[in-house]
Structure formats: structure tokens, C-alpha cells
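Have a look at the structure below before the remarks.
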Amino acid sequence: MPFCADQLARLEPLWDAMLDHRFLRETRDGTISDERFAVWMRQDYLFVEAAIPFLAALLARAPRHHWEPLAGAIAALQKELKLFEERAQVVGVNLRGAPPSFTNHAYIQFLLATAFRASYAEAYTVLYTAEKAYHDSWKVVKQGIAQDSKWYPFVENWAGEEFAQYVSYLETELNALAEEAGPSERERMAEYFELTTKYEIAFWEMAATGEGWPAT
Amino acid sequence: MPFCADQLARLEPLWDAMLDHRFLRETRDGTISDERFAVWMRQDYLFVEAAIPFLAALLARAPRHHWEPLAGAIAALQKELKLFEERAQVVGVNLRGAPPSFTNHAYIQFLLATAFRASYAEAYTVLYTAEKAYHDSWKVVKQGIAQDSKWYPFVENWAGEEFAQYVSYLETELNALAEEAGPSERERMAEYFELTTKYEIAFWEMAATGEGWPAT
Amino acid sequence: MPFCADQLARLEPLWDAMLDHRFLRETRDGTISDERFAVWMRQDYLFVEAAIPFLAALLARAPRHHWEPLAGAIAALQKELKLFEERAQVVGVNLRGAPPSFTNHAYIQFLLATAFRASYAEAYTVLYTAEKAYHDSWKVVKQGIAQDSKWYPFVENWAGEEFAQYVSYLETELNALAEEAGPSERERMAEYFELTTKYEIAFWEMAATGEGWPAT
Amino acid sequence: MPFCADQLARLEPLWDAMLDHRFLRETRDGTISDERFAVWMRQDYLFVEAAIPFLAALLARAPRHHWEPLAGAIAALQKELKLFEERAQVVGVNLRGAPPSFTNHAYIQFLLATAFRASYAEAYTVLYTAEKAYHDSWKVVKQGIAQDSKWYPFVENWAGEEFAQYVSYLETELNALAEEAGPSERERMAEYFELTTKYEIAFWEMAATGEGWPAT
């Protein structure tokens, strides 16, 4: 079985827990408060921002045929930031209104440390898993949210066709990297898959609880 | 005022909150349960381990006159690991008995990402703050713990004279780096000082609560 | 005096030696052989290619306001590669016809090592100096080469208005970084300025002599 | 065939060219001038120095069981620097009397860029090849040099039993890394093996010619 399918099967309970997170359900059902959604917006804006140096660090160590797609992914993130800025203006949210929460800061450090220190295939695993998680998570939201919801542009951004194709491309490439890897590296890739999923869950949890920093 | 004194003054409420953490008080007073202390041991062992690649990444970017001291600090961590292993054997704790907790994993990522990505002086700020925090924290414990406590060797390791001199050396060097830095870099160094303090507090909190990963 | 002007004044003899290199004079005068120019094309194509991970590594450590310009610079290099490919096709040169020469390989390693290991301002110094050197070098060629020369598109690429503005932007930013830096960092930036100039000269010399690897 | 034996067989002509370099022959035969040997001493001192951040960068990305051996290798380099300093004093050479030559600078950049950017197994290939090359090269010198030569301590350092065991350990570990690697990574490791050998030859050539920087 290709690597990604294999991992998604292995981690199904964890993946399902993520897709069943109340933040997604409440956003889908339109019961989420504006205040709660704004917490997510502010944090995710900072996260998308930090994903730019993450992708750049990946590109700096990437094989030749990944340079253009990764440069394209950086451009896509720059567009994504504009989507946040446009939505924030419409709904009156100050995207710079809060520092990164503990979980957000931690997740960003995980991205960056991995891009600089792990093997390229391991770092690429983190990229795929995070993007796949967002695609699947927002597909959950899409199944119920009103198309005229003010949050719909986010839904369309990650659950839409263009992003689906991007995730599918990443999956093909990650499967190829796993195919080429030796058994120990493939095992570490599987660990990174799981870790990223757990960071994704922690991120939804943070959005749902508005958590700051522990004990401060 | 030298940089370190300045930061410690600025962050006094945060620093005091750290020193007043119940994990330290309970360890000092001998009321901490063996089980709770074992959580800390297992997590801190993993943290000390991860500090070795952190120091190595610092050394890889360090000015010439820091090479020997940083190589010495790596050797000291290797000795520290042996202290954990010796204590663990005495009290029957399996140091590999748990994966890194969320907070521990996050803190390690913060160290590594900083060492690879931030400026050298910024990364050195994290090193100093973490070591200074440990020195001060264990001095709190030393003020009450029985010298025949089975945990006393940890107290002596971080609150003792040798470690005090190491922290004092780091302080001199960090002050010199701050002296040399321009105003924006010094401002970022101050942010890293604060962030590291907040990660230290989160670490004690994790030890006190036995926290795993959010929502899993 | 701003940093760049200061360095260009300090290094004037070296800079002039670069601008007076016979490779540039012969290209300007139309006396260079096609074979000799093809050596340069093949090597510079590999160099431009390698500059993409260099810029990506810079971006991964850059301050926020440099992200878009550096992403733009990566896109410009991708366009530059297409210029080489288009010219190569017109004149029948196989751009993959030779491995990197010793000097080219060395210069690429210098870029990459600096981007990962030096301070951001030091690495940015290398970027500016290399681009400024190319701009000035091709302006020398522009002063005599026929506008219908088959090499003219290269001249226009680096001596033209768009590139001039890019170099001028880099200069403004590097001056600002130097302004913010402390005296030791500024001294190291000056060394990187000089080193990059020496690598540039070595590159023209390699193009002019067709050098391979020493003693092999 | 294990990876190292395989590469040494594949690259035999290049390896033999290295071992037959006139710098080694003249040092073995005692016909080398003091001035020429001093060029090598000054350059190699700078190279050994730079190998410390190289090893640290490797350690920062190494698997757990390589941490202690790499920390030990850093300590060995620190001792090696003292050997240079002691010999330099005896024979009156100023080790800081010259900047790194072009070839030396280039080789150092190659080490550092590889340690930060390539895969761990690729970077480890560079470490092994450089150490193996030095061991074999100084064994050539040992076959003829007088034991009371003032250069003999260098011979003993790299051709002696302790270094032989270190190289043999590195070989075992590199073979294991190659065993674990997938075919593309193994191919890149073979390229790094060849490149390092070519840099080693260039280094002897530089020592023999006293080369500075091209065209300056």
C-alpha cells in the first residue's frame, strides 16, 4: 500500500478524532460564536505566516524537481494571507490582536525545527500531513455550512478543487519519497505523520478553548 | 544595566511565578509523590538528551571563543544523563517509560528551531535563560529539602557551585553578545528571554499535572 | 557613509580588477569565441540554479518584510533559467554538458554555507554583492557589445533597468541591516563583501580559462 | 560489497592520484622545503579548526548513537589543534600568518554546506572520506619519513593506530548508513565520496603550489 494510504489507515482513530472535533462541527452547524472563530482566525493567520519560512527551509534542501512546486506553495500562502486579511476586514477582526498561543507557537517551532534538522522526506511528511488534515477538516465543515456564511471563503479555500489537487500532488510526491526511503527513514516518516496529526488536533483544541500559555 | 540583569528585572513577576511553582515547593517540602517526581524525571531526561543537538547546533554557528565552552557543555549534559540513569536505577524508574509530553516536545522544538534559525545571540539567550531558570529553581528546592532525600543529587547538580559558575559564565557572555548587538536584535533577544521563561513555567506545570497531548 | 558605498570605496581596486577582467572585455568587444562563452553559459546556468536554494535558505531566516521580495527574487531566477535555456537552444549549447567546475562548485558551497550558518545580515551581504557585481560587470559589456549580438539578452538581463532597480533595493536593505548591526557583525559583513568579490573574480577567471578541478 | 569498499574500488584511479601527490612523496622523502611545509601547516590548521563546526552541525542532526562518538571527534580535533600549535612553536611557524587559501576556503564551505543541507548520511560520507583520505595519505608519508623528522608527530597522528581505529569505526557506521539508505540517497552518497576525494587532491595541490586566490 502506498505510504500515505497506509498511514491514514494506521492512524484512523486519531484522524477521525480530529475530523470530529467540536470546533469543526460547530463551524459546520453555524453554532460557533464570532468571538471563538476570531480566536482561530488570529492564530491561523500567524500559523500560515510561519508556514512561509517553513516552506522556504524545505525548498532550500529540496530535490530539483520540487523547487517550482514549493515556490508555488509559498505564493499560495501569500494569497492565503490576503484571504485572511480580506475576511478580517469584512468581519472586523484584528489579525494582529493576539500573540501566538502556546499550542500555535509550539506547532510553528515543530515545523521549523523539522525543516532544518530532519531529513527532507521527514519534513515533507509534515507538510503533506498538515495540508491533508486541513483539506479533510474543512471538507467536514463544507458538509453543512451555509454557502452565504461569512466563513465560507475559508471553506472554499481548503475544501475546494484547487487545494484538493495540491494535496493530491503532495501525496504522490510523498509516496515516491517513502518508496525511495530505507526502512528506518520510513519509520521516522510514520512518526512525523502521527506527530503532525496530534499537533493538528491540539490546534483545533486551542481554537475551541482559547488557551493561552500554561500557568501564566 | 547589563542585559541579563535588565531582563530579570523586567520579567520579575514571571520569574517569581516560576520559582513559586508548586512542583518546586512540593519537592522542597518533601510532599511530592514518587509517581509525580518520576513524571518529571522521565520528561527531563528526554529534555536533557535533546539539549545535546541544541548545543551542537549552537556550536556549529558559534564564534571561535565559544567552541570549547560549548563542547564542554555537551560533555556536561552527557554526565547529567548518567546522573538521571543512576538515580532512575536507585529508585526503579524507567526513563524510557513515556514519550515526550506535549509541552516537552514543544519546548524541544523551540530550542532546535531557534538554534538553526535565529541569530546566534538570540539562540544563546535561550541557552542562558533555560540554565539560569534551572539554577534558580533548584535553589528554591535546596532551601528545604533533606540532604538525605533521594532527589538531592538533582538539587546538588543544578543548585551547586559548579553549575553556578557555569551560569555565571553564560551570563557574562550573553551580556557581551547583547552589548555588541544592535537595538532590533537586542529586542528580539529580550523576547526570547521571555519566551524561554514561559516554556520553563509550562514545563513545571506539565510535571505537576502529568499532562499528555491536548484532546487525545 | 552608508555601508555599501563604504565597502565599494574600500574595495575599489578589487572591484576594478573584476570589471576589467578579460572575459568581460572580450565579450564587450565581440572577440570572445563561442566555445569560451559556452563554458560560461553552462557554468552560470548551474550557478543560477543553485542560487534558488540559497535564496530559499535566506528567506527561511529573513525578517517578515523581506519575505515577499525574496520570494520574488526566486521567481526572477526561475525566469533567468528560462533565458539561459532559450539562448542555449538558439546557439546550440547543451547546458547540462558539463559538471560544475571547481570554482563554480566552491562558490555555490560558499553561498549555501553562508545562508545556513552566518547571520542573516552577513548572508544578505553575499546576496547583494553578487548581484551588484553582476550588474556592474554586464554594464561594462553593454558599453561596447552590438545590440544584435546573440549574447545581448544576457546583457539586457543584468545591465537593464529592472535589474538596476532590484540591486538598488538590495542596497537600501543592506544599508539598513548594516545600520542596525553592532560593530563586530558589521566587520564580518565587510569580510563577506570582500570574499564575495573575490569569488566573483574567480568565476570570471574560470570562465576565461575553462578550468576544471585542480590536479585531476 | 559494503559501500566504502565499493566506492574505494570505483574511485581507485582518483584515490591513487591522491596518494601519489608530490606533496606526500616529498614529505616522505624529506625533500620538501620548510617553507612549503609551513604553507600546508597554516592551511591545515585553519581546516582542522573549521572541521569543529562541521562536526557540530553533523551532531546536531545525528541519530542518538552517534552523539558520543561525534562529541569525541570534536574533542580529538581540539587536541589536534594543540599538536599544530606545539609543532608550530618548535619550528617557528605562525599559524595565523595567512588567510585561508581559495582551495581551503572552498573545501571548508563544502563541509559546512553539506552538514547543514544534505542528508545526514551524505554529510557523514564527507566526514568518512576526508578522514580516510588523511589516514591513507599519511600512511604513504610514513613509509619513508625519518622517525626523528620534525614532521613525524603529524605522521603519527593520522597514520597511527588510534586514528586507524577511528577511521575503521567511521567506515562501519557509513556502511550501515548506506545499507539503510534507498538507492537515490546511496547514489548521492557516492557523488559526495567522489567530490570529497577531489577536494582532498585539490588541497594537496594547493599545499604544493602555495596558491592564493585566482586572478587576485
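Here the chain labels run A, B, C and D in written order, and each chain numbers its own residues starting at 1.
Throughout what follows, contacts are C-beta pairs under 8 Å (C-beta built on N, C-alpha and C of every residue); 3 or more make two chains touch, one makes a residue touch a chain.
Note that the structure is a prediction, hence the values are computed from the model and not measured.
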Chain D reached from chain A - shortest hop count over touching chains: 1
Shared interface numbering between chain D and chain C [over half = same, under half = different]: same
Chain centre separation (chain C, chain D; CA means) in Å: 30
Cα-centroid distance, chain B relative to chain D, in whole angstrom: 37
Contacts with two or more other chains, residues of chain C listed in rising order: 53, 57, 60-61, 116-117
Chain A partner contacts - residues on chain D that touch it in the complex: 60-61, 116-120, 179-185
Of all residues in chain A, those that touch chain C in their complex: 49, 52-54, 56-57, 59-62, 64, 67-68, 70-71, 74-75, 78, 112, 115-116
Interfacial residue positions of chain C with respect to chain D in the complex: 14, 17, 21, 53, 57, 102-103, 105-106, 108-110, 112-114, 116-117, 195, 198, 201-202, 204-206, 211, 213-216
